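Reading through the structure tokens given below for one structure.
The first chain written gets the first letter, and so on, giving A, B and C; residue counts start at 1 in each chain.
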Amino acid sequence: MNNLLKNKMVLSGLLIVFFFIFISILGPHIYRHSPVEQNISHRLQAPSARYIMGTDDLGRDVLARVIAGSRISLSVGFVSVGIALLIGVPLGLIAGFYGKGADRVIMRIVDIMLCFPTIFLILMVIAFLGPSIYNVMIVIGLTSWPGLTRYVRAETLSVRRREYIQAAEIMGIKKARILFIHILPNTIAPVIISAALGVGSAILAESILSFLGLGVQPPHPSWGNILTLGKEYISHNTWWLLVFPGTAILMTVVAFNLIGEGLRDVLDPRQRKER
Amino acid sequence: MSKYCMSSGYILEAEKVSAEYFSSEKDIPALRGVDISLREGECIGIAGESGSGKSTLALTLLQLIDEDEGRISGGNIVFHEKASGEKINISSINKSRLRKVRGKEISLITQDPYTSFNPVIKLYRHFREAYRVHNKVFKERDLKDKVSELLDSVNLRPAEKILNSYPHQFSGGMLQRASMALALLNGPRILIADEPTSSLDVTIQKKVMETLKDLRCRYNLSIIFISHDLNLISEIADRIYILYAGKTVESGPASEIFKNPRHPYTEALLKSLPKLGARGSIISIPGRAPQPGAVKEGCSFAPRCSYADKKCFKKEPPPVLSGERAWACFKRQ
Amino acid sequence: MMIPVLFGITLITFFVMHLTPGSPVDGLMMSPEVDAGAILRLRETYGLDRPLHIQYFSWLSRVATLNFGSSFRDGRKVTLKIAERLPATILLNVVYLFLIFALAIPIGIISAVKHNKAIDKILAVCVFAGYSVPAFVVALILMMYFGVELGWLPVSGMVSINYEFLPFWSKVADIASHLVLPAVSTAIGGLAFLSRYLRSSMLEVIKQDYIKAARARGIPEKSLVLVHTLRNAFIPMITVFGLLLPALIGGSVVFETIFSWPGMGRLAYEAIMARDYPVVMGIGVVMAVLTLIGNFLADIGYAAADPRIRYE
């Protein structure tokens, strides 16, 4: 743990993430302006003392919307990665541990999923299920497990070959027990790394979906749908509608990447790439 | 022992050469002040167990230790150029002059021939590239002739087909002979052979050794022959250096060392040699060769030495000189 | 490998669309232009009343003969609609792929050669930024700055309104100026990914013994890097590129939409939003096929670059 905190990448990533968690929980209580209240007479105002991040086309407070959006983004990130973990880890364990037919079927599905342009799949599903925050979480989760399965499977395979596992198998210890007591803990490092990277890409995917009008629907705020307005009014030079939510997305995504990459350096020297 | 005539002029002299590798905790001193000298036309053998620093010595002589992996921390390496009679200090010349020494004056062949060729490039391009570095202008024909002749002298035929193949299409023995041809392409005067046969089968080993001896005569090479196998060394070397934990513990003419070893380590090495005819020696000396980083005070062989007493563990024995011979041991003065 | 993947993808596409609540014609019914008769005809043509698996196989057998049916929206043939969008997509893809490779290779080389020197560290940070920065946000910001604020570059479409009347070279310049922003934005992610990968694989290769052996022959560092290291490091990159392809193709949906680029990606978005089933399915299949072709080419390229594979 000490090692982790010494790693500058992990540390700075964690700081940013805690900052956003803090904002998403306490922000609305500190900055007491409604993210949905309209004030047409103040529409499309540039940042000022009253509206620190300006207002949107309906005169809503952009800062309040960015704060509210952080809650959406983080929950989508964590929930969809949670879903991906629930699917990806067991499948990877099964494929790596039992091998044979199970492995072949699972890996074939993984290959198919990896071959498919994910964002197209997500768009399609959302478009047909109807846009809603829950659908977004579920669909991102359902489409982002294959990479994880690959990792876990590879790790399982390599742990399986170790002597103490083979000894345990020979001694007749139950397979399920070996799987949970001995193998699962060993896959934790790559799982944590891909989970951290996964939260970043889920947040990104959510913002893309909302931006395209398939995620969080106005009047509910999200970083993505503020950007939609920014693009709509781009000829009015409404830079605040792009820069603030854009920076928020950028910071969270970078933060999770920092955590993931930093963790890789610390936890997983085998796949450490020179940097 | 060999009976090649030798002139007494030195061609390469290295003194107090030290090198270390970086590691996460402490730097590993792989060479700790090694002196070697090589005369024109002579072959010296460098013997020692795994980890004693033999390959490091070979790399150091050509300044080939990777910047990221370690550094050469001291010593002088002087090469006597023939044409000008000039002395070149390899350890202090600049990069571009160094390049003119590498491959042109001093060549290196390594243990595993597959690692001396780029796997995705055909053999001919290896030759052509090496030739072009040292010959600014040349005719393709001349190069082809030269390469064919060299391949012929290492018994690789037909040249055309060999040159048109990729490294992985050869057997180890063939490729090692090709790497000798490549090493000799620019007419070097010194060949450093770092365990050139230890990745090969015993029968092929023999052939490669024959080729090496043959080349030595034909091109009047001075050779630094590195091996952990004293039997092999005895086939070709005029003088021998015994390396232990990054230091020379004994050196001298091969015949005398074999007849009458002075250092207890040399003695043990010779005792553990299988009798003539039974090849593929496994050195079995009680205890394990030390990790270079772990060397403490005193004689580094002391922990495994049956003659060692208190003094051996306290102080490093200074070298004892006697004619052409030298050894470092308190017990044999 | 190809066949099951293709099969799987069509299956996913098909069922995703049909398992969703409401039938595909529901959307149409809401639009006033479509009369009840037309809906009935549609139902018959597409057999929407029949069981799903029968629908799937009849659709699949038509796909096998490159017949994706007609669009629900304008009744035009799906193949035709895709075909007229393909050139724009291909143009954009070729340009940004060129950008990616033209930049990734020098970046990879510089940072491998200057390993651990200042410039390498700077590049490493840039590359990390490039690959974690959300490219669509960057696209929007570029669009605002260069397109609106400075007014240097057009921000949408592929040609200007007066395109028809321009002389040839002005036409080329017109398209080129429209290409800049979409191509740069699309290239960011892939560029960062590939240069990062190239750098680490070059560092891996440069440690190999055959590089040391070449150095021992007096080969200068420059040729070591350009002839030996680069070539060997490039080989795994071909495979990585194959893996990257789906993401790039998926990205084209987003970027073509942002820049109103009249390509297949934007068609996909429009069709998805309009629930135009035949078009969506057709594009899904085309994208899958493109990915597979890309992977196939990557395999061939790999074999061409690595004699060890070729001779096996």
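The working rule: a residue touches a chain if its C-beta (ideal position, glycine included) is under 8 Å from a C-beta of that chain, and two chains touch if they have at least 3 such contacts.
Because the structure is a prediction, the values reported are computed rather than measured.
Colleague: Would you identify the shape of the chain contact graph, picking one of line, ring, star, complete or other?
Modeller: Here the contact pattern is a line, an open path with two ends.
Colleague: Suppose chain centres are the mean of their C-alpha atoms. Which chain sits farthest from subunit C?
Modeller: The most remote chain is B.
Colleague: Could you state the distance in Å from the CA-based centre of subunit A to that of subunit B?
Modeller: Computed from C-alpha means, the inter-chain centre distance equals 56 Å.
Colleague: Taking each chain's centre as its mean C-alpha position, how far apart are subunit A and subunit C in Å?
Modeller: For subunit A versus subunit C, the centre distance works out to 22 Å.
Colleague: Please compute the C-alpha centroid of subunit B, do the same for subunit C, then give the distance between them in whole Å.
Modeller: Each chain reduced to its C-alpha mean, subunit B and subunit C end up 54 Å apart.
Colleague: Which positions in subunit C are in touch with at least two other chains?
Modeller: 115
Colleague: Tell me, which parts of subunit A touch subunit C in their complex?
Modeller: Touching subunit C from subunit A are residues 108-109, 111-112, 114-121, 123-125, 127-130, 200, 204, 207-208, 211-213, 227, 230-231, 234-235, 237, 239, 242-243, 246, 249-250, 253-254, 257-258, 261, 273-275.
Colleague: In their complex, what parts of subunit B are in touch with subunit C?
Modeller: Within the complex, subunit B contacts subunit C at residues 59, 62, 64, 66, 68, 99-104, 107-108, 110, 112, 115-122, 129-130, 133-134, 166, 168-169, 182-183, 186.
Colleague: Write out the stretch or stretches of subunit C touching subunit B in their complex.
Modeller: Residue list for subunit C touching subunit B: 115-116, 207-210, 212-220, 223, 227-228, 231-232, 235, 305-308, 311.
Colleague: Show me the residue ranges of subunit C that touch subunit A in the complex, using the header's touch definition.
Modeller: Those residues of subunit C that touch subunit A are 1, 4-5, 8-9, 12-13, 16-17, 20-21, 115, 124, 128-129, 131-134, 136-137, 140-141, 143-144, 147-149, 155, 196, 199-200, 203-204, 243, 246-247, 249-251, 253-254, 257-258, 268-269, 272-273, 275, 280, 283-284, 287-288, 291-292, 295.
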